[in-house]
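Single-structure report; data block below.
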């Protein structure tokens, strides 16, 4: 293959705040390095439908602060088939595109890895997901913004919880991982947290809630990760507690899709800007099938194989912190 | 009865942002007029439990910007009985309190009216509820803040709705009234709104959604007031639409208790400040059983009887506006 | 003149949050009424440079929540000349535009009035300015958002003022009018306010500050309208106080241009939506030279002559409120 | 010395968002470890004035989300004298306090180091400053919140900058360090940044601005750190540019004290919570004169000597990023 001349960028899977900042950094990083760059609309689906647009510096002006993704996102069933990927590849070739940058989560990288190997097309991934569940990077784009969205919501709910001395169970996103729930529990001063990584110890929760109740704390807040299947989510836990302790004044709120939106935080904008430029540099550096990661504030390349194989563990120190701080 | 020397203030029912600003205005308005003032903790419940504290200018420092209520709120069953109210009255007398200012919604005023008449104790109400459903006042304290909370949430959801071309049904508070849903629908650029005052015309909704879908709008958002019992709330409506149009990519979010909290908006802080001082002045002006209202930017006195008897109508012009603007 | 078929819309003068919501409402209101509509880029300047674009429903999608103005704004010297206006008129005619909707403040309406009369072209104004200084309307678009921006800033400054027991003078916008300063002073719990409408009584200010200092209030905040020329703005006032009372721990902050930006508040979005549609209806209603106003929550037509001739007075009741609440 | 039984905590120097979260973590961390804890009001000044209060779990309830510091802060001249420190020490002894935790910046730690050595009183520092200029820790408490405050302000200013095609010079805090300016420049999409660490290359700035102007970028934003003494701050730079290029439409905004306030971000709340508990553990671990740092997401102990001796360098990669992204 000859030297790199033209690349494409797409966003795929669940959207996350900061994806636009990453797109901007990819586009401007490419132009800075004398590469042409095209944007794919609606992820792998758009690649199959040949929905690509040329991008220049101006097409990413004034987007760094916007939530969502100007390239739109989608989940593509057709891309899971060999035939779909062949069409996608043919479209890339038609546009003389040499390499691909994909922004998304593990589903996105699974697709990208297969595609990259099948057609020998260099592909670099940028981790964009509010779940922060990718191995090999300390942070994913969107995670910090989602944390701030959650704590602002919990701050609001605590106003009303305090006014009425209520016990609130609040469900936050995180199908398979408790990162968002755990950190936002610490940051919002929640009294307890339930995460999928640890099976809920009802006796302990019960003892804790009884203790809070007896201390006449003005309110209590428990965060529940949606993916905590054993507990069944916030509604199930709340029903169980309410049944046993009808005097606890229990309420439930499911934060839902507000967690995916909003203007990205400073942290996410800086991370997205660094990762976007680094993704272009990785391609120039002849990388073929890696995710850009950030470890100890430095950029690293993480092979897709590795990022997808391992499960990132929760920091046990943070779990302990919840217990200390709710004393 | 002799001249007014000492008053008490309480918050009752569902809390609303701006209640603290109103408490501050009552306390400082009282002091400015050489009155003593006590705060009752936990509304009518606290009146029965004799949980009162003396308040001075400093006790309301730095609370104008806080959500919730420093006096806490509660719903009191005992106050619905003659015996309960007798205890409450005895407690007031024990503290030499001549008059009462209550901050809350229609439930609060219903209790206050009975109490005021039964014991001939002058009582003035300040309308504090995010529902804006009190007759005789253009605005209630908390309504404007809740509107802003809703539109910020919808702005976030639109980010992700646009990224995925989805149809979102978002449920907002408003058990009996569609004010919050209607205004926030206009302000958030929602494509449609379902309110309890108007029975849902499914044919029209269907035609509208089909039209949107065919126009390939990047996303559609429909606000649903929780109190829309005929439609059954956002979940029921969404299920129905999803069943008929599985291709519409339907999602639901219930905003829940975040709508009651948060730092009050400028509008609510000014309204609460005006109403709080006016409530004190109303007592000095020998009013006995009235709600403070704001009509055409001026303070008015509305007899409890009147405020509770009538139902405030939705502005039909605003309903029409939704239709024009979603073209 | 035949029936109305095609209109143009522009924004001019200082920008204000909610201008985009107004543009959206004009465009969709026009389409709803079967009118064609063009947008003029950069106000009257763009009219002279013939910089117009056709607009449809999609061109105003997803802008209701954006600050600034997608049509851009400018101040045009050329439009102040007869020759400039003739070119502007010729351009309108070339595009077969029958009428004009202008969004801005008094400078904008002064130009629009002359233009409208000179060429007999029906022109309707929408009041968009954070200063709220237009006669004939209770509110102008952008005012409520600016109020919220100011109080959020003052809330932040109070954190640090309280931590250090400082006296802060904070300058807010308002060249000729103290509306923004006065209302935001009430809403932020400021201890005093200096506005251009009232000459600063230094003795009173001094007595007040001395009193605060002796009471050991944890902090004091005084808002100063930039247009308060007699006092010379926040810096001059602060210097004077600091010189006389070096022990007061004085600080100054000038809020500046952040007050013009930001996502519009719910109030401003609803007002802009109503006014935008009403402006189109005013043209259909054969109005020729009026501003859309909002009085007592209802839309009114205010002749430019009247809106520009009178000065809107401050509400004396609000000035009194500051004094009561800072007791 | 016997085993640790009682400690005191204070905040000193410029306040920073997250200080309250740190106080809460110190207090609860102490209680969790069976220690008594007192709070000192107004920093070292309060230590000399013997202004201490006992603290329990409830006294730090509901403060994690508040800006400022409930313990207040001050700069103390008397503590710089041997006599002052002797009084402070005597007061500590009178209360049977064995060790001290101080939250602040380099001025605070300089005082703490002397005090600790002079009287052999174990003292642990928690880095709380928006400047992020302490050696030995990746982050200081308040830095992330200040970054978010700055970018929200710049987002607002960009609205109006874009509407008018203006060039804005915006001054941010940072007397001796450009961390805040540099990161917020990246995060807000600023076109250039001037920091004290690097002497301003006016030729380069000029060439850059000329290029932007010729490209007809809709607006340009340059961030200037206040401590950039060579350039003289934003006003001086703006005057110089305006003089040479009167056609550039130059404006200046000095963000000022809003940068110190506000509810802390999720990042700062988590960091403060971890550091607060770790400070208690450091004392239990027999540390005597160290700052708690966070390096690569792990807690480290940094001797005061080291933290104060070295100057933390800017990341050159981030400076380069600005150039790439403003292409």
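Some points to look at:
First chain written, first letter: the chains are A, B, C and D, and each begins at residue 1.
The criterion applied here is as follows: a contact is a pair of C-beta atoms (placed from the backbone, for glycine too) under 8 Å apart; a residue touches a chain by one contact, two chains touch by 3 or more.
None of the values given here were measured: they were computed from a predicted structure.
In this assembly, the C-alpha centroid of chain A lies 29 Å from the C-alpha centroid of chain D. Chain centres here are Cα averages; for chain B and chain D they lie 39 Å apart.
In terms of their C-alpha centroids, the spacing between chain C and chain D amounts to 35 Å. In chain B, 155, 158, 162, 218 are the positions where the chain touches two or more neighbouring chains simultaneously.
If each chain is drawn as a node and touching chains are joined, the picture is one closed loop, every chain linked to exactly two others. The chain pairs satisfying the stated touch condition come to A-B, A-D, B-C, C-D. Of all residues in chain B, those touching chain A in their complex are 11, 14-15, 17, 66-69, 72-74, 149, 153, 155-165, 168, 218, 251-258, 260-262. Interface residues of chain A, counted against chain D in their complex, comprise 24-25, 28-29, 31-32, 57, 61-62, 64-65, 138, 144, 147-148, 150-151, 155, 158, 162, 183-184, 186-189, 217-218, 263, 265-267, 269-270, 273-274, 277, 296-297, 317-318, 321, 324-327.
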